[in-house]
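Structure incoming, see below.
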């Protein structure tokens, strides 16, 4: 991954009113920050301002550890901002959850191995042993937590323990075939990305390709979204579709869907890694 | 519309077994019919054979009015076929239903006026007066049947009477904002085409663009389908989608959706006019 | 077309440096302008800043006729800006050029008649009589200028005269099958929109569908672009594609292409009408 | 890969005339073959018949080693057919050529490791050492043949020798950055699949993403095609595209293009493996 990593990223939202954009850009410019990317969006109906700005820290006069405090004091309080500050060289740490299907895992691994993403992947968690050889191929630690009705809460507790020990910032469910408990999810609010194999909200729940076949749709899709306590109802990050016809059997849908799933999941993960996503009222703002 | 119109079209489905294709093509070839298009599909899971074949009648030895009888006697009974016979020069007669939105109506009218379709459109029916000027522009009769809770059944009865008098074969609901009664629908089974402004089964019912905005989807769509008694649940003929982002307001979705709606509706109508659709178990087989 | 029309629109580009965004937004805010839309983009490689901003003039303290001067004096000179100022209630005046194919013309007319666009269309120009009935249907003046090798320059001179008399701001070539002379084009730099029936730069020139068939592509497209002296080489505004297969004959490509052409052309025209396009080095910046 | 492998596949083309379809299906049915898939297409303009048929051999009365002879004698000669016979359980043997980019190789490897394809991949050939670790991860032999102007013909001779020794049926160029010599190509006519990173015929040759950026297109694409002696001009098998905007730098195009390239290449390879492609006059017929 080439490019300058000595940058700061601000994700902001606040009630819309005049002067926000000017105030933020002036704050950065005045202290010798060089803005590299700026994207903003105003929801006129709901009167909310959203912004992502990334700037070069090379000549920035405020030291890293003081930026959050200064920005809060000088700008954020005045505009009632909710904001998050990131540094591009502080790589997020990601855990992958899988079950038995390998296509999404391979796609994530290939990008990771090729250095496409600024991320650290210390571990893979699964409820089955099947994909351990894939993890081994890429030299990633693989932990198995078989889950049944009885042991679910204690197994999840152990998973959470493992995630904490490894300072995991966010989780990616790469066709993980278990429903996470609300307790688990509360530990990672808007920090668990799932791939659902339909264009949500159509065909939520299990066996979406079978349901799509039965309904006779002419297009199938996949959806990358944050996991919330409502199954398949969290904020949507990415979606894509492909055409099918009456000639496609359920097996054909599953086969065609695999390509969608891996591309759509990786697109969602990439946006998250690059801190390009804000969530608001169960929707996402995805900056370019 | 150039091309040979002296052709017959057979739409067939029956239990799959060896020899169907050979029997049908032999029937046509032996009597000097020249096959122009042949498309067949076998659903292996459900063991059903589907076929569309179109052939030139110029040298065909069986007279038009006898083809149905001969085919039934010589072929169809043996294979337990359900079949429909059409002649390309017998133009289907189509009625359009509209309310207040003009974009789908204009698209249908433009294609009709340009001679793109082998169809007759004797009349347009509406529950509002708004689009009468559009009908006038294209010289099509326009009938208004205002509908409220009390008069619905008698108004529909008058509409049906008008359709019968005009020998209407099928109806197209071009953003018609009334739900047809089951009695009405039974008069035109799989012969009423509706455009729904979402990628069904997502966002069935009213205000799909508002629902899509609220759900935060990244793709919106439109669906052309046959009307059945279950609202927005009939066999799907055509679908298409377009990308949206968080920047799109409900008004943007409505605007972008208009293009989808008209193209998807016209695609469904064209397939129906050209006798390219078979319905089976609430799904469609759409031949190319 | 609902919505507030008492707005000003600025399209700006200039060398990138710190403070541009702050200066422009401050200029608007300080004088009680309420920013409705703001979109900016910085080309980091070429170090150029691009911006579109639209604001409500209701309480704006600078009178309309002075805005250009004030903005120039107070902001533009300092940043070496090239800028254009528009008012949303000053509708651009558009001329349409056609030949014999009606589908793009109908699509433009339908949107115009439905009031989708903030534009005035005083006239249609053609080198053939064929589409005069379409113009009549919509009550638009239709002028015929038959063109051959000998009369081309004088006919174009008369067309230009007609355009001037009608204060035409921009022209739309809706499948106009004549190549405009460089002299003609120079009168409307980046103000003539053409639809080419291929995904440029593939299949520039005549008969692109035949060329696409011969080459055996699996996707065909259409391109909306500004006309420059280099044939089919001007700045691209909009493109779209559709899948084809070996089963599609040249006639099928032409039929499928019609839908692409009209949607892609109208998309380009809409962006132009809404002053959302900047051109730079034979490329377009198309704001959302 | 589940499913019945004891099947035969026939790919046929011949001058179109009545009775071909009946003759072929009768040949299979009469000898107790159970047809599983049948797809046919008639090019009406050029009067050529194309067909792919796959049938179950379990009860077929003609032994495997005699099918070709019998079919030729009884059917093919009469209709002047050019045909190829395959058996689904005779896995084609595929070699992969790579240079330094890993994304296409990983995609091929992941599908192979997951057992998605009925193929054998004995070896990977490269002109660089970079991707040897990827090959090792998947346990595939990796051979390096560095190529410069002087050694090209002798290195290609050694590559050909290696391919022969390994009974390689077809080659896949997965972003292989060397142009194969005509001599090499003649050894594998329509049996070398390349991925080109543009929607051909646009941007043939080197650096297509740079060219796309310069031209200012709004859509980029990728093309899977057979390699012929004319660079980037062989029969196209698969294409796909994705939208871009003025905001995308060349690096963005390269990044977005990677996903296209790997999906489009794998789609082409899958069709080839499943014997679903016929080539005719530098075009492909790709059966479903």
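Couple of notes before you dig in:
Going in written order, the chains are labelled A, B, C and D, and every chain counts its residues from 1.
Throughout what follows, contacts are C-beta pairs under 8 Å (C-beta built on N, C-alpha and C of every residue); 3 or more make two chains touch, one makes a residue touch a chain.
None of these values were measured; they are calculated from a predicted model.
Should one ask which of A-B and B-C has more C-beta pairs in contact, the pair is A-B.
When the contact pairs of C-D are matched by residue number against A-D, A-C or A-B, more than half turn up again in A-B. When chain centres are set by their Cα atoms, the one at the greatest distance from subunit B is A.
For the pair subunit B and subunit C, the distance between C-alpha centroids works out to 35 Å. For the pair subunit A and subunit B, the distance between C-alpha centroids works out to 42 Å. Each of residues 44, 245, 247 in subunit A touches at least two other chains. Across the interface of their complex, subunit D is touched by residues 102-103, 106-107, 109-111, 113-114, 116, 134, 137-138, 245, 247, 255, 258-259, 263, 266, 288 of subunit A. Residue ranges of subunit A in contact with subunit B, taken from their complex: 41, 44-45, 50, 199-203, 215-219, 221, 235-241, 245-247, 249-250, 282-286. The part of subunit B that touches subunit D in the complex is made up of residues 18-19, 21-22, 25-26, 29, 34-38, 40, 42, 44, 243.
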